[in-house]
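Note that chain A is present in both complexes that follow, paired respectively with chain B and with chain C.
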Partner chain A sequence: MTVHDMKHAASDSARLEAVGGRLSRVDGPAKITGAAKYAVEQRLEGLTHAVLVGATIAAGKVIGIDARAAETAPGVLAVLTPDTIMELKGASDWLGNPPAQPTYAPLVRDVTFSGQHIAAVVAETFEQAVAAAALVKVWYDEMPAIVDLSDGKAGDGIPIDAMTKEWGDAEAAFAEAPVRICAAYNTPREFQAAMEPHGLIARWQGDELTIWEPSQWLDGMARTYAEWFGVPFENVRLVSPYVGGGFGSKALALAHSAVAAAAARMLDRPVKLVLNRPQNFTSYGGRAATRQTVAIGADRDGRIQSIVHRGVNETAVDGMWVEPLGSVTSIMYATQNFSSRQNVVRVNTVVPGAKRAPGENPSAFGIECAIDELAYELGIDPLEMRLINYAEQDPHAKKAWSTRQLREAFAAGAEAFGWAKRSPEPRSMRDGHQLIGWGVAAGTYPVRRAHGEAVVKILADGSVVVESSSIDMGQGTYTILAQTAAETLGVPVERVSVKLGDSHFARAGVTGGSRLAGVMTGAVYKAAGQALDELIGLALSDPRSPFQKLQANTLQVRDGRIASPRGEGPELSIAELMSAVGRDRIEAKGDTLPASTTAEERYKNYTTIAKSIPHTEGDYSRYSWCAHFVEVRVDEDFGTVRVSRVVSALDSGRLYNPKLAESQWKGGIIMGIGQALLEEGIVDRRHGRIVNGNFADYMLPTNADIPDIQTISVGIPDPHSSALGGKGVGELAIVGIAPAIANAVFHATGKRVRDLPITLEKLI
Partner chain B sequence: MRDFSYLRAGNIEAARNAAALPGAMLLAGGTTLIDLAKCGVAEPSTVIDISHIEGLNAIDVTADRAVIGALARMSHVADNPQVKNLFPAVSEALWQAASAQLRNMATIGGNLMQRTRCPYFRDPQNFPACNKRAPGSGCSAIGGVTRGHAVLGTSEACIATYPGDLAIALVAFDAEVDLGERKLKVEDFFLAPGATAEQEHDIRPGEVITAIEIPGSAAARRSTYVKVRDRQSYEFAAASAAVGLELEGDGRTVRDIRVAFGGVATKPWRARAVEEALKGQMLDEETVRKASELAMEGAVDHGANHYKIALAPRVVVRAILKLGETA
Partner chain C sequence: MNDQVTISPTTLSVHLTINGRDHALEIEPRVTLLDALRDRLALTGTKKGCDQGQCGACTVHVDGQRVLACLTLAAQVEGREITTIEGLADEDGTLNAVQAAFLEQDAFQCGYCTPGQIMSAVACIREGHAGSDEEIREYMAGNLCRCGAYPNIVAAVRQAAQELRS
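Presenting the complex of A and B:
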């Protein structure tokens, strides 16, 4: 029975509510009016408050804790220390690997980074807990810390063989190349800096745990809690109705999460724990600091003969984070000879983590600056340079691209920007004291795919409910799932309500790697299709249905009304039909997995990333692509850089909602401007401590720093990437912005700044 | 709980009496006090709310002088047409300070009392040593992260930068602060750290700022405030300059000039050497550049803030030449 035929149009849909329509965010009014209740805003009977005590050294041992003053302070219910906190079991990691240790201690005696949690005070009120936490005295046996990658004690680090990518003979080809450039590019420690801080409320009812916590991955985090406390997965309910920004930081249950849940268990009272702003810089990792050298050998026509790439990222003393620095290097340009290797170096920091486009972001900074340097070396236009070396297939995987609209992106971006009018010489464009520079860079992000499930309910009144444990952190899940259900079912979008952020709903994997929209639109499309089939089936076959005597093969639903395709016979609203056939609901659960998938495999699919589908699976290599064109103004006396124009052309395949996709692209571009010019975690080298862990001193762009940004969609539906033809959106646009700005700064000033951020003292 | 008592002062006498209590701090707009209390720097035993005192928010401007009540909001002063007309540097300094939300709350008196942004000063838990907070405990900043620290007016006890913008313009134009019993030049009201970094202002227990007074002058009428900073808004100065200029009838010779620096010194920094070098001189770029270098005589950097020594004179040059162009 074919009752629905979705048109996969590349252009915006004429209808707002259809997939591809520019529907405004359905959760927008609730957020603007303050009606949206975030996870830690729940008001619970008997709620208590926990405040953490952090290490003031970066390395060493806790040799004593005096909690007496805190314990006797007004309102204090408990002071948890490594000695008094309940024992937790080790939890498997996000790949599903079993725990390395049988137990897990979220409060530590062995300190490996400044700010690490040592103790926690739980009190009746937040103010009491804050005051008492300041009374906890800690004695340390301090040891020398390795503060960062440039620390003399840091060494060369550990080779990560899995990151090695090599073909041809890169070093020999580089040595023989007529034109060579080689340079080092550094990016600092950066932070996700979500407006909503990390935090949670934990409540136990018997052996059932409810956690209200902002989350990018309810099922994965619920699994971790279940394993820590040795309770069945089904006993843990995670609730995360809205997320005030995650950018990669909110996908895992963290040490502070464990402390709050343990405190709630020990006290048998609900516990709220919210990290203060400085703690948000030390309780979970931002983007690791990176160092790269990129060597490119080319012929005199600019054709690349070899790329030799070496990368290093920092990781923690007691945790491993690999920021894949060769990820863009190995695929952006065609070359016969290539070598990329990477080490990680342990330093005394909280283990670094995912920040928007981990890997691709710093990787692009290296290769996209290096190719710009090569272009100037040869006197070739930087845009032409990129086209000369255009990769017609994936040079690493040696597979065809599923779709690669990068050439189209270069053309559309250059046209809109006016690139042809560029004066090629550095320092050749100015406006009074302002040196003007134009820069270009490309970006890319792989299409990460996974599976999800969704429940679609058609209720007696004809309204529709979509349920999924996936989340909306501002990227628009509520909206595009409503559009998908509305279009598939043929109902007005305002009759669809989407419920997300509850781990007891139909399951979903991680919201990360720009995969959620592709996964969940597919799941909702399937579930809604099943519900529609059931609805039409009822209408055609139920003896109480007025359509039953029509003897028709099918019916169609438009604007919530059911009729035969050619309009003969009756026309009923969904509610009228439901009433006629005596049903109060139709419910369908759809997922994107093969029917043969076992329960255990399904669990793994949603609670680990082990089952993610490689982007080079099968015959194709799947990526999103973009080209950024940037104008900067650099004050020749002051060295201040301001971005005055951005035009970006992007290929994210088919857009489910262009308005929301543009918003995400612009968010990525703005974050990239911050990365290029402002953001840097600054460490006091004597103490191994971040000294700018707050929003006044950790610089993020203000509105005044952001010019008009023009985004152009050049994508076409990519059937190999997702059910509805979309590719990743959220992470793509940050990739390539920092090198585009650095390249523009070089064009403006003739100075090549290879260390981010590009602050004024580097230019005066 | 850190308890404190809250007193609402109905009039200025009540405020002065309460301000004499040990551990008392005044509350007006609250933008500094609440911030410092949150990071554990301010721990008042008594908070005296002066924001309800009548008559302290007047802005009275004539060609002779501007009198600005201590409770006038930054945004109101910045937007006052007379201030814009007769004291443009004052208005511009305020517009470029803080954020719109803060300017709507913060008062002029409180603005003068804002504390340094030195990260070591603001983090007592991790950096107990700070001569400003705990006299004699040492300076955590020296040898640490010093990109924002001062190069002028520093001592072995303290290198913290005075963070404000308004006071730079006030110092340039010989403004006075009215403390009731006495009036002080704003320049003398702020104290360089010397050996007593904890003493930032010449204000005694029981004294309350009621107003600032700025004498009118030709230099004040032709003045500007240039602020260089890492981002375009809501950020403290890497270096700033308040400059006022009066030219002779020839339109080229300097009769009077005022130069003060922000973002580079431990207090609002009047650069008299620059002023003296330019008085009577023809206003050309070369002369201005040479004279501006004089401002950095005696400057001491701590590594990461070295750039300020090169930057600050360029800011003055830009400000002077901008005023010269508008002749």
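Presenting the complex of A and C:
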């Protein structure tokens, strides 16, 4: 891959609307006026409402359901149970592996977690469905549940050999190291908690299914629906114009999705089903709870000689989730000897899932706290410690970094934060009764790459339409794709309209792993370039074009006007040229796949993640990097921790729109503050139930919890990571925040809290 | 659970004044203002985030005061002046100063909490609680934003408050 010189880069780079400009969100006006219609806000004739009934036990069997009262309640159209719901076929997983079972039952008799869907009530109104759902009686044969990782019955779990990373002789080198630290780090079950609940509207018209559902992956979810119902992929249309936050949770069609689509099929009426807030804590997986031990051996100068890492994450009784805990451990610091292994432990939970930086996030909590502990063991400044062990190449892949501006991030962050003024001793900085602590930690996230396609149309009036089945959940897809098309074609950005969130548009893979911007700017750049070539080709060669007699080799488009680069001859608007040559549109479809790609490979590329390109492909190892500097204030008497200042320097390569990238970085930092200090799914020990599954008891950061945050971009264009030089943005900034805060709390108090969240009872 | 629960089919005629327009509804007494707006009147700008008064996404104004539409029955607010996000801009489309500041300061990402944030911010300024960043943070703390737009929301409220004062 190469960084393409943008055709208008020299004159336009300073412009707001060019790639790299600080253009405000183009979808902003719709969102601030209430005009933006999210998926379940469509108005449909004959719409019905479904409400789910969830299991009140975590393990056992449903031995009876009495739905009579519900069935006769006003407005009720149907009560679906495991006995009455239509049979669905099994669907392949997100890697494209065929289903383990030939059939799929989204309503269950065998319960493996609390809240699992048992029944659903469909009624004419939402109120009627809610009331009737409360009348459904369920009898259980309850069995003992393994409620979480600390349950005595949980055991050591299953080794995941694919997670093993080893070189050198880590155990022996650790045993021989003159300085050693070893500690255990825990993270709890955490939830994505997007403000827009999960839900959908399903409508069948014959064998054609339309689903309006917030989605991070239209084509992948459409495939799942098609397989469940045994209809061709083309028969399923997924619509998701705006997505009210996902953070990893909205990439898959889930059990409740199947229930709604089945109910719509059975009743032959459109069905709307939206999970209530507590159901959003049990109907899909948050981040798995994790346990890690990190042992580091070093010489007396602080050089790491060995890292031995062991990790465990919880998974479900009937599903597998691996949270890769050695992902940051294995690459952040140079070491000759390394060992990381991981087990998963089955507990009675819904299958855990992806939450912002799955793997890297808890992995960084372990290694970035441990390196701080080693620094204190040796009396070396924690920032200096990191520089002493700076990895000049990928220690695991043994390849050169494509770009790694981490040293620059440390320098810029330390300067802006004032790190040099830090007094190293714990409890040595205070302001009245508040102990002040300064902590540092690094973060990283791999550059995940894939392929995408986009359609770019130039219309008769000179306006431009970009279409893609990718989505915007707040990252700014609408905006950066408009900027890419505008700059490539040489038209003002307000003449570009971007249409996303419809699986009938040009295809795209999953919006996850911080890959979308890099993939889609590349696809739009290519499609827009093809459209521009066709436009200029018409202008030069069509006999009706006023440029034809110029005999020029090329033409230039600026501000929507076509002219010779030397300014000789005529100047026409795009609309005038289209009219002159009698065209009502120019349309180009661009994709980033090799031309030889077969139709089947394309389908697999967009509907599974099997075709993702490894970040260590070829000669380079590709990652985004960041360094966080955090100040905390801890009340000495009460143990309350407040984050009072954050400075983060980040390397996401080239930023397509710094205004939006900074917002995403701040969002990651804020979610990290929640993780460090507030967020924890609490499980009832008797019934394995999430007892704080709501927004009052599962505490998200509020505005009053968040200080000023300064972000500094230290990235440079990375030609090996994407067509336009960007690396990942969305997930990077959360990685490293929790350890930076934990390290700051240690500096403030002298207490090392290795178990998130850092709540006051752990400090007093 | 109680077998004897009876569900009243009774509906009420409710007249609501929303954004200066009158609406007549035949609804059950248990219908919330939020569901009346979203499901019956197609005013979906007001968002349902939790439906239990914990997130602020459904914030609207009733007689100028901020109110959670999910904890308010539609029938309770008959005869009161209800303002939703759809009614904040001028008839000619000129944005309210808070809306414009939200756009300029990038005070949102996914946009789902945004209508509630903006309705709260308008009231926060009107209440005289936008005097400092500290005060804005405190008086905007009832509106959750999972995308983490808080610093930009503070900047937007500060900017709009200054513009409205001058």
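Here is the rule we go by: the second predicted complex is superposed on the first by the 752 of 764 C-alpha atoms of A that agree within 3 Å, B and C clash if a C-alpha of one lies under 4 Å from a C-alpha of the other, contacts with A are read in each partner's own complex, and residues count from 1 in each chain.
Here is the rule we use: a contact is a pair of C-beta atoms (placed from the backbone, for glycine too) under 8 Å apart; a residue touches a chain by one contact, two chains touch by 3 or more.
Predicted, not measured: the structure shown is a model, and the values here were computed from it.
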item: Partner chain in contact with A:P701 - chain B first, chain C second, else both or neither; value: both
item: Partner chain in contact with A:I536 - chain B first, chain C second, else both or neither; value: neither
item: Touching partner for A:L459 - first (chain B), second (chain C), both, neither; value: neither
item: Contacts of A:A264 with chain B and chain C, given as first, second, both or neither; value: neither
item: First (chain B), second (chain C), both or neither touched by A:F126; value: second
item: Per-residue contact with chain A, leading partner among chain C and chain B; value: C
item: First (chain B), second (chain C), both or neither touched by A:A58; value: neither
item: Chain B versus chain C as contact partner of A:L760, first or second or both or neither; value: first
item: Touching partner for A:P74 - first (chain B), second (chain C), both, neither; value: both
item: Contacts of A:L724 with chain B and chain C, given as first, second, both or neither; value: neither
item: Chain A residues contacted in one complex by chain B, in the other by chain C; value: 74, 125, 127-128, 131, 134, 696, 701-705
item: Contact set on chain B toward chain A in their complex; value: 1-2, 40, 117, 119-120, 123, 125-126, 143-145, 147, 228-235, 238, 306-307, 310-311, 314-315, 317-318
item: Residues of chain A touching chain B in the complex; value: 56, 74-75, 114, 125, 127-128, 131, 134, 278, 433, 635, 637-640, 642, 677-678, 682-687, 689, 691-692, 696-697, 699, 701-705, 759-761, 764
item: Chain C to chain A touching residues, read off their complex; value: 1, 3, 5, 7, 9, 28, 30-31, 35, 38-39, 42-52, 54-55, 57, 84-86, 88-89, 95, 99, 102-104, 106, 108-115, 118, 133, 136-138, 140-154
item: For the chain A and chain C complex, residues of the former touching the latter; value: 24-25, 27-38, 41, 43, 69, 73-74, 125-128, 131-132, 134-135, 137, 192-197, 242-245, 247, 274, 276-277, 473-476, 659-660, 662-664, 666-671, 694-696, 700-706, 708-709
